[in-house]
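In the two complexes below, chain A is the common chain; its partner is chain B in one and chain C in the other.
== the complex of A and B ==
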């Protein structure tokens, strides 16, 4: 029986692969015709006259929704509520003159509470990390701006959590909502940041409110997905037990489902926190105060050292919050014997309150305990500047970058770009469809062809291809470096942990800080753009390789050892095939990150969609802005759909569940 | 209380009776802040003047192009640095849509054009003439541009027309657009180490003058219509065959509702006018002396009371 199904699926595979090959062949014919000069111009690029005025249509729709349907009024009303919340935290954390007029809370109090919380969640190590982060922030002279950032995040993260978990529960209850929500979430996640900028400002008022909204939108999707995933996994027996004890539906949800899905929901929380921190710098363009805004100002006046220090602060905050929330995931609720006095059960809470009050009182008398001024800090901006400039000036560094520029850029990258631009549009669409068909399936192929045809219809084909070229180049190089790194690191537990920490750091370190050294190393060239994407794209590749390889069941590797496999055989025949689905998820994320970063690389100077998006900001050209954003999103989605389908197919084939 | 606040307090006390007539709303005046130092300090200077007049002031960081949409909607009350070259287009678009208006020019004039740091002149002594620059084009070649020189233009959204000028004047240069001001500084900073000749887009007033002394390239002088009428300028068949206007405006823009809501502050805003040296000085406080913008504003106000006192409403 099993054999039969295997055979039919093989047959389907065969025809699928054959069809993909046919598509490739047709594309090749088109290309040959083009190079022979026989292809009519209309088949090379869509004629201008056939491009519909999407931008104007979108502008009209936007204005209709905004004014005639009154969406602007609604969002402005919501903005009022959000602003009240943000003003409160702003007052408490950095003393903005708003209700309740109590702040700012002394930095020592916050650091002390963080330490107690860290100790409660993860013992001494976490206590030191938490307190250390806040002490560093204060001593380096960034306390106020860090608190400006936090004042928004402490609202944005919980709001994203609440909306995310609610939508997640609803989507789990109503499959139609789940189906409707998934594509919207995918588009939201792949839309380039520049496309959020203007609508956020128009609908939610430039300032912390727009910053908070952009952050929330960006952080919600994983929360929804993790909630739904967790709830679906709740075992039947647990639910049965709930029913038997006579739970109402609400009780069932609160006391049975959610506690059983705790693990997944908390992973969602962790993701929310990380994504919030990832947005700190980008949202500064629309009024988010604090670290991001300062970083942009520092970069605007070529102060590398101080921007680097701000980057370190953001990473420290991210790592602290990440470790704390992860510790919270593992921590089981404590149980006490009956009759334990109240204070004993809440000793940590009392300790935190005591520490808080103690430092509030201390800071009344000792000023340094309350605020660290600019004069007392230990910022080493100037010294770091010289260090960075000195490094860039070392002969070896210079000759390496010159080689890379003269060889990789001029001999490989630029010809590759010209090659991609020389392929006729229909041939590209066929090739992409073939790729989707080969890896994913018919449905993916149809969608891929449709998406890329839409890109062609948008009239921004050449720029889209340059964007795609940067992404492909960066991800290819990232694979050459990231995969071996992951494989080597996964051999031992210690190195895995170290490299994963490097991954966390690279991921949360504001990407803007990479841009300047990239330019100083490579000039304003494609290679600088690809270098800055590369750092970002390597992270998921390495991370998922490590995680995939380490998750390979022990029995499997043992069996391979017993069969007398060499280390190489074991790696190639056992570990890598089993880890491949997980690694594919990493590969997919690498592509998504690359699409995200390639647009940001417009700040270096590119000729792709990012540059055109940047141009639309000058004329507040919303329609065109949307069209360009959708082009990026459609290309990213094509890869996302195809690769994720392949990964889940593989997982099923390997019997790895899900 | 430091010296500055005392000075301010006396200044305000002296004018107190006059200022009392104006009844400004207690809602905060929102001043936008961008990512270059002179604008940040200037915003803080003006903000502190408003605060001393008894107003509430708040600062918000924004993108310098998208800000005009916010001024138009009244989310932001004013914009203190509208550069003719860089933001003229966004400003005019917003002006046409309505909601903001011109609140007068600064005394300062802006210039935005091709620029080189001084060390470039050692390699190409004929500068600043553009013909001499064109003769030295090979000096500016990079691995990617072959034997043509590379000119690093400003970001595309500043709409600088470097490409058109190269074509119009038939120059032996390839134009590369930097993506941001930071990218321009990084390129100059990288060239500084070896004193590599470099020609980039730059503007004044700007902190860069203090860090890297340099000069603007002298192109055929700007004549009105150079951007609209091909006949104007040395090349009869092309637009943009002149240098940029050497005296562009630096404006203030105000939200239409400001005049009614904060009459006294509005009055002051229309009088405010900074000169090039003043703007350069503000930028220097932050960029060279490493002050925080708020401190720099205090320092500037403390030292220049005679300049800003006449701006307070009468």
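== the complex of A and C ==
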């Protein structure tokens, strides 16, 4: 019986692949016709006249909702509370003149509390990291801008957490809500961040509130997903024990479900914090002050030394927040022996309070302990600038970057871009559909065709293709470097661990900082764009390659050894095929990251959707902003759906399970 | 004795699958377990009718997957049954509202779970006090009570530990303590002693016997261990494929197995440990000399049976001679073992 099903599935595969080939053939015919000059213009690009004015429609809808339905009033009313909270933290952290007018808290106090918290969560090393981060920030003279960023973060993250966990619980209780939320969440996760920013600005005024709202919305999806996941994983018997103890529904939720799902919920918290940080930095684009804004300004005026220093601050903050929240995930409550006095039970809390008060008092007498003045900081911006310039002027470096700019750009990238732009729209749609059909299946192919047709209808086809071109080139180069790196690293346990640690750490960096080395090396060019995407996308590729290869069961490699396979044979015939589904997940993530980064890189000056998106921020082109954002999202979703389907099919076929 | 049974269940079915109610309605009469499986459903509990009276200890036995836990979950309405009725103290539990059900569980029922079901984020003390907390008892009373039962199960000094800091047997004792804390009238124990060492196991058995004798608790007890069953049971129910094959006193099950399956299942039991003098006593013969107690098992009488020379030994119950047992019958049973 098994045989029969296998045969029929083989047949389906065959026709599927044949169909894909037919699609490719049709696309090829279209291309040939185009190059021969025989293709009517209407089949090359959708005529302007046929493009529906989506932007205007959307604008009309927005205006209707905003003004006629009074949503604007509602949102501005709702954010009153948020604004008050933001003002409070702004006062406490960097002394904005608002209630409670107590701040700013001396930096030494914050660093000391961070150290105690770090020690509590993860021992000495975390304490040093946490304290070190804050000391660095203060001494380098970036305390105020860092606190501007933090003041939004400390409000946005908890709010996102509360909303996310509430929605997660509701979605878990109500299957229909879960079904409704799932597709929305996957679109939200692929929407470029600019699309979050503009509505926030329009509905919530420019300023910290808009930034906070965009950040909150951006960080909610993973919290919802992790909450539902955690709640579903609570063991049945624990729940039943709750029932038998006579819990009411509410008690069951508060005392049984949520505490039992602690681990997943905390993983969600970690993700919320990291996404918030990444987004807060990006709110620089709508003029929010803070680390991001400063970095943007410094990069804009090509002050690489200062940019570098700010980059280090952001990275340190990211690593600290990540390590601390991850340590919290794994930290399990430990018991105290009976009769432990209460001060011993709360020794860490007391210590933190004591340290805080101590430094507050100290800073009353010693000015530097409170704020590091302009002249007192150790910023080496100028010197670093010279150093970087010197480095770039070294003959080898110079010739390499020149070679990359001249050769790779002119000989490979630009022709490739022109080629993509020369393909008729219907041919691209057919090719993408063929790709989805080959890897995914009928459903994926139909969706792919639909999504790309929508992109064509949006009227932003050429810019979308340039976006796609950047993504494809960057991911291809990232594969050329990332895959071999992963394969080599996976050979030994030690190197695997090291590289994975690097990847883990790199993944926590807010994407913005990846621009710094790109601009340093290549200035403001196409290559810099590709380069920044490339390093960003390489992280998941390398990481999943290592993880996939390391997860190949030992019996299988041993069996290959016993069969007398050489290392190469073993790699190609046994390890890679088994690791491929996992690697595909990494590939998918790389593409998602690339779509994300390409939009940010627009800052450098590209001609793709990102550039246009950024322009909409200046005006208040909400409709256009949305159309552009959705173009990016649709393209990203096409890849996501197809590759993930392939990976899960493949995993099932190999019996690896999910 | 016409006392109302505490638990009374009639034609209870619990079918697992996509649309169990609809399936059960259309299912032909007398469909077997395998036929149901072939239709893509699992008969967790299959047409079970059983009554448990006040103060009784019913032991449920059966192979793994035979539906023991499922049946007990139906009793406590952790599962919604597919068809049939279950009455607790004369009240149909399927008709209870959520609130009434919570009240019932808070006040009358206790359960020990097969894999403990401890709350991972609470200390031993907090776990044990949990049902009391749900009832709304104040902190001091519940703490005092929890400490009391923790001591009873021998976990003194570990009150502040978290479940993951305990061994399997210790965790199981926390589960037992938790159910003891509220002293329920009806107790569901799903392999409560499976992870305990023989010594503590025996202590726990004694403790439950004591409580049952003292307070007239009704207990439904699942075990894989025949020794345990024999020590504790008033009646034993033997399950197979979701159905109760036989439910009777231990000696009846051993002497008169209702089905071939029960006979096979009980084959290993040393009959001499189950069968009492009363069972062997024949009313027509009285015998002479010193009498033996009706409750004594053949095993307990082994020495006497071997050394005595009488053919017939008198058996007394409550001071009255109810008959005589043939010494050879007893000896035969003794020798049959192993």
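As a working rule, the second predicted complex is superposed on the first by the 561 of 658 C-alpha atoms of A that agree within 3 Å, B and C clash if a C-alpha of one lies under 4 Å from a C-alpha of the other, contacts with A are read in each partner's own complex, and residues count from 1 in each chain.
To be clear about the criterion, contacts are C-beta pairs under 8 Å (C-beta built on N, C-alpha and C of every residue); 3 or more make two chains touch, one makes a residue touch a chain.
Here the structure is a predicted model, which means the values were calculated and not measured.
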{"item": "Chain B versus chain C as contact partner of A:198, first or second or both or neither", "value": "first"}
{"item": "Touched partner set for A:255, first chain B, second chain C, both or neither", "value": "second"}
{"item": "Which of chain B and chain C A:364 touches, first, second, both or neither", "value": "neither"}
{"item": "Touched partner set for A:174, first chain B, second chain C, both or neither", "value": "neither"}
{"item": "Which superposed partner A:206 touches (first chain B, second chain C, both, neither)", "value": "first"}
{"item": "Partner chain in contact with A:240 - chain B first, chain C second, else both or neither", "value": "second"}
{"item": "Per-residue contact with chain A, leading partner among chain C and chain B", "value": "B"}
{"item": "Touching partner for A:333 - first (chain B), second (chain C), both, neither", "value": "second"}
{"item": "Shared chain A contacts, counted only where both chain B and chain C touch the same residue", "value": "none"}
{"item": "Of chain A, residues touching chain C in the complex", "value": "235, 237-238, 240-249, 251, 255-256, 259-260, 262, 332-338"}
{"item": "Footprint of chain A on chain C - complex, ascending", "value": "73, 76, 78, 98, 102-103, 105-107, 109-111, 113-123, 130-131, 133-135, 157, 159-162, 164-165, 175, 178-179"}
{"item": "Partner chain A, residues of chain B touching it in the complex", "value": "30, 32-33, 35-37, 40, 56, 58-63, 65-70, 73, 75-76, 89-90, 93-94, 142-144, 152, 155-159, 176-183, 185-187, 189-190, 193, 207, 211, 283, 286-287, 290-292, 295"}
{"item": "Contact footprint of chain B on chain A as seen in their complex", "value": "96-97, 197-198, 201-202, 205-208, 284-289, 292-293, 296-297, 299-303, 374, 381-382, 389, 392-393, 402, 405-406, 409-410, 414, 515-517, 519-521, 523-525, 601-607, 611-612, 614-615, 617-620"}
